[in-house]
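Each of the next two complexes has subunit A plus one other chain: subunit B in the first, subunit C in the second.
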Partner chain A sequence: MTVNATTNEHVDLLIIGAGPAGMAAALAAAPRGLSIALLDDNPLPGGQIWRDGPNAQVPKQAQDMRGRLQGFSNIRLHSGCKVVALAGAKRLLLEDAERGWVLSYDSLILCTGARERLLPFPGWTLPGVTGAGGLQALIKGGLQVKDERIVIAGTGPLLLASSATAQKHGAEVVRVAEQASLSAVAGFAAGLWRWPNKAIQAITLASAAYRTSAHVLTALGTDRLEGVRIQVGDKIEELACERLACGFSLVPNVEIAQALGCTVRDQAVVVDEWQATRLPDHFAAGECTGFGGSELALVEGRIAGLVAVGERETARGLWAERLRWQGFADRLNTAFSLNPALKTLAAPETLVCRCEDVRYADLAGHGSWTGAKLATRCGMGACQGRICGTAAQTLFGWEPPLLRPPFSPARISTLACLDEGESV
Partner chain B sequence: MSEAPTLQGHAADVIVIGGGIVGAACADELASQGLHVLVLDSQRPAATAAGMGHLVVLDHSAAELALGEYSVRAWCELAPQMPDDCAMRTNGTLWLACNEEEMAEAERKHAALREYGLACELLSGAELARAEPSLRSGLLGALKVSGDGILYAPNAARWLLQRQSSRVVQRQAEVVEVQGNRVRLASGEWLQAPAAVLASGIYARELCPDLPLQAKKGHLLITDRYPVQITHTLVELGYVTSAHKGNGPSVAFNVQQRPTGQLFIGSSRQFDNHDPEVDAAMLGRMLRRAMDFLPGLGDMTGLRSWTGFRSASPDGQPLIGEHPHQPGLWLAVGHEGLGVTTATGTARLLAAQLLRTPPPLDLEPYLPQRFIGARAHA
Partner chain C sequence: MPELSIDGQPFRFAQGTTVAAALMSSGDRCSRTSVSGQRRAPLCGMGICQECRVSIDGLRRLACQTICRDGMRIETQP
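Our next item is the complex of A and B:
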């Protein structure tokens, strides 16, 4: 048997991630007429905030952007498509449901967004426990939560967004446990007048179940979740519930940037005022450069899209707006910084790596991620350390693993497309 | 070698440098003979961790055949005591022939192994298709070697290091200098024992630059879990015609199915490449080769790939014995792509020399003297 010849594709501009940043970048760059590919591993563009599904109501702004993307014949949308490996200079191996192929590009904008940080605590692997954004995504994807009692815990505005989604779909949110203190949260809210639409969002989201200085201790149950034990100030409460959703803020998705050789600092891709990374022709925008909300992602995406097609002056006109939203992001990040107590939630027997069944105690004695991995197989399962590597970074301060091909599980026939990379 | 070592008595009867499969087997064998062993390991990326673990008898030379056959037998003796996580099985090897030339090689090998007393048989193309239906059609046949096996080397090494814990002590430490039977640790501390064994795999040259060892990089990939479809370890005979011939980078088909149902796919060979990163082009080439034998592989999911380094001597055989210029320093290095298999035999040959007991095999072909001659006098 011979392997099908690789169907190669070349574009002037490749954008990875079709969240707010990636969509904005594509729309800003498109009028110049260059060929653009916009790829995302989800079925539809929108990213995390505008995630689509049977139960989702995608806002008008997102629908407009989707419509405009379709209006440009020079934008090719690769949905349900993931990056599998680097395939040489300015070449990437991609895979979607049907095929694997190598795409080459002249310029690249990374808009890979962020993911939730999950931290281990006793019981966190019980069925019924998810991430806070994860619960939101499940509901949008069709999960029925009507009449279920739900506890949401962790930190940041995402808890409120998740709570709102759950309530809208008929769940009873019995508690929202925010780890930050009341003064931090109040200080943050008091500054929101500068971003009026954010203030309105915050008010509509606030709920009677909301508690500050509160964090999860244990998820209770044997075969699935039955309740949760929470620390609220200096008191401990136990609540019966069917679901627990925990999100300990977001971590930028920097793995591809890192594999390409971009600088990553404080877990975020480093960019200059043009959204340029240290690599020529490689840009980054949105939450992969740091947590900042969708408005910041949108303006960063527009700047990156413009700069990538040479429209620096127009891009410069957007700097003031970016500064404004960066101010919001900075306040957010200070107000909701993680309480060190959250690093000590895991018990010795708590699983940290659920793919390979590695307990907290198995890891605690090691000096580095590599040493721990060699000895325990931590991070060697299907998630490739995305969850436990991030947790270990928070818990032990270990540098997370570098991605190796395949970046995520991929068909062997796709991987077989990797070649010397001379021809395009 | 600046200051005079401050010696602090004997740390053990024997110090073993390196706790990979070879060091572990040596420590275990010496402990079985009643010695107290201190194993020093610095937890560096090891060939053993690459995890392939095919127990296979090769016969490129009489020495290779002798050591391989003896070693596989030794593993089988250990098998009943091994814990489940070592995944030890005797599943047999199928050497696959694509063309007449490879079939001729299968026949030659058949005769050679039979003569040595190994259970093996030639399969026709049809018999092969029945034995392993996932293989592509049109293969000419195969040689089946029934006594070959497979194990999970990282766990086997750990087991060997732990099972005689009263006599085998493990310590995490990096050795930075060796002088005969004395070793200096990164902390500056010197340790000594009547004998030191160097079993640090590809890193051995850092401590002993006169060792004629060369690194050969290899790639591996593991798939998701699938229902059993391959029972034997499948290897191509292509080395006679193309693959792994000469010094250029090469790939050869090698697949085994682990007890988890995951397929373990190898392997590639690159010289003078010390970069542990996965080389995308080499991975692609290795997988195209594998798909050529197992067409169904294309639709399976590859989970992870990684690399490892084999430590090769000029004639492909390990160096087992005392260092000609360093009394008290014993070598167990240079196992190339076969060190999981030959760890047991290596350990017994080494112990026999150290303890001056009759060796189970002729020692000559493995002695370090074949590369490190007598020191020239100035």
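Our next item is the complex of A and C:
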């Protein structure tokens, strides 16, 4: 049972998210000797790109960073730990598998990364359909896909990364459907000489099954996915497959930042050149400030970590590197911008909210997220609109919902810490 | 090889496997039943969609963010 003395803790610097940005921030700040807590809801540090598991090989850079994190006695890593609620100024209620507790901090760096944008289309609720990065994550976590036929659809370089992972584990990737046009993708690839290691990645990821101006229309099957119908240019093709992995680029995870009162614009946390948000002592780095790849996340993390411990001059020395990777991110975002046709994939009976099973037809008549939510319960289920609210923003242009506490389902005993903590 | 149970059925796993990967490899390869009765499987693989929520040793957890341990009891919503 939880002992009262352990329900309240304090750290000088709290970092939420242990992906490239969060790890880099912790390592940059640590030599100053302040107490640092690095928390992440996954069982292991690494974030999206360095996700570990029985089918994953974490690159040397990530292994080195992990080793260095362990070498600092002033860094405490809390894996499998999530933020449940705000508990007053600079205080958060946290929960892991064993306990719930309130952590107070002097400074906070948000490194919450990004998630995949998932868009509704007929059949997308069938078992066998996953996200594109989602499939990659599941394979790294031990899912066997040997000899399965897989179709990957959506947009962005993540489709190729997911395809490479699936093939490496014995799957037959029958189609990679990229919604962007050939000229957009070719223009993007042609600019890659500016970032030579990215160009090499692009070449090693290229696949014969790759088609541009191609998007999913319908996932076919009754109880389980059996095939997929795809638009390729002006033709429609039907392919039999065991899995369909669909992801439409990434959206920053800004919900915690928003709950704290940080300014968010165009779905990204707003930061200045010091990675500082508009809220004093609150910084943000990596993909929660906009999609940009791991190199940008790393340099932003280092800057945020340095600035949080007062080393502005050293941080300034990293601005040029950040600018260089920002250039890559900008090209990525223009090349893979979404084709408006993707907004019309859902049929009237397609479920948009998977938690409350709300159909497209029941949502489409409303003028705003709030109106739709009151009338249909969309976004009121377990994911709190993280999937359907993001989809509704793309489909209807509605402002996505704010999170309600608890931000993720929590135990009663954890919520009880909140009362204790607040009365202290 | 370590073993856990999914809805009472034994399941052997390689060290480090997530519960989501285990669910997708056993039984009807699903994790829950939706409010209108559809069977669902893990979708996002990264802790966002909540399609993978199951009961693990009596506590509600996300299968994609939980690593299999020997002797775990996993129950999916029928």
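We adopt the following convention: the second predicted complex is superposed on the first by the 413 of 424 C-alpha atoms of A that agree within 3 Å, B and C clash if a C-alpha of one lies under 4 Å from a C-alpha of the other, contacts with A are read in each partner's own complex, and residues count from 1 in each chain.
Just so it is clear, contacts are C-beta pairs under 8 Å (C-beta built on N, C-alpha and C of every residue); 3 or more make two chains touch, one makes a residue touch a chain.
These numbers were taken from a predicted model, which means no experiment stands behind them.
Engineer: After the match on subunit A, would you call subunit B and subunit C a fit or a clash?
Structural biologist: fit
Engineer: Looking at subunit A, does subunit C or subunit B touch more of its residues?
Structural biologist: C
Engineer: For A:L374, decide between first (touching subunit B), second (touching subunit C), both and neither.
Structural biologist: First partner only.
Engineer: Return first, second, both or neither, reflecting whether A:R404 touches subunit B, subunit C, both chains, or no partner chain.
Structural biologist: first
Engineer: After the superposition on A, what does A:A320 contact: first (subunit B), second (subunit C), both or neither?
Structural biologist: neither
Engineer: According to the stated criteria, A:T125 is in contact with first (subunit B), second (subunit C), both, or neither; which is it?
Structural biologist: second
Engineer: In the overlaid three-chain picture, which partner chain does A:L418 touch, first (subunit B) or second (subunit C), both, or neither?
Structural biologist: Only subunit B is touched by A:L418; subunit C is not.
Engineer: Counting only touches as set out at the top, which of subunit B and subunit C does A:A89 meet: first, second, both, neither?
Structural biologist: Neither subunit B nor subunit C is touched by A:A89.
Engineer: After the superposition on A, what does A:A382 contact: first (subunit B), second (subunit C), both or neither?
Structural biologist: both
Engineer: Rounded to the nearest 10 degrees, how wide is the angle at the Cα centre of subunit A between the Cα centres of subunit B and subunit C?
Structural biologist: One gets 70 degrees for this angle.
Engineer: To be precise, I mean the smallest distance between any C-alpha of subunit B and any C-alpha of subunit C in the superposed model; what is it in Å?
Structural biologist: Across the overlay, subunit B reaches subunit C at a minimum of 6 Å between C-alpha atoms.
Engineer: Touching subunit B in one complex and subunit C in the other: list those residues of subunit A.
Structural biologist: 382, 409, 411
Engineer: Which subunit A residues qualify as touching subunit C in the complex?
Structural biologist: 41-43, 48, 52-54, 80, 97, 115-116, 118, 125, 127-131, 133-138, 141-144, 223-224, 354-357, 381-383, 386-387, 409, 411
Engineer: Which part of subunit C faces subunit A closely enough to touch in the complex?
Structural biologist: Within the complex, subunit C contacts subunit A at residues 13-18, 20-22, 24-25, 28-30, 34-36, 38-51, 53, 59-61, 64-68.
Engineer: Flag every residue of subunit B that touches subunit A in the complex, lowest number first.
Structural biologist: Within the complex, subunit B contacts subunit A at residues 43, 45-46, 49, 136, 221, 223-224, 265, 277-278, 280-281, 283-285, 287-288, 290-292, 295, 297-306.
Engineer: Where on subunit A does subunit B make contact in their complex?
Structural biologist: Residue list for subunit A touching subunit B: 1, 3, 85-88, 93, 370-371, 374-375, 380, 382, 384, 404-406, 409-413, 415-421.
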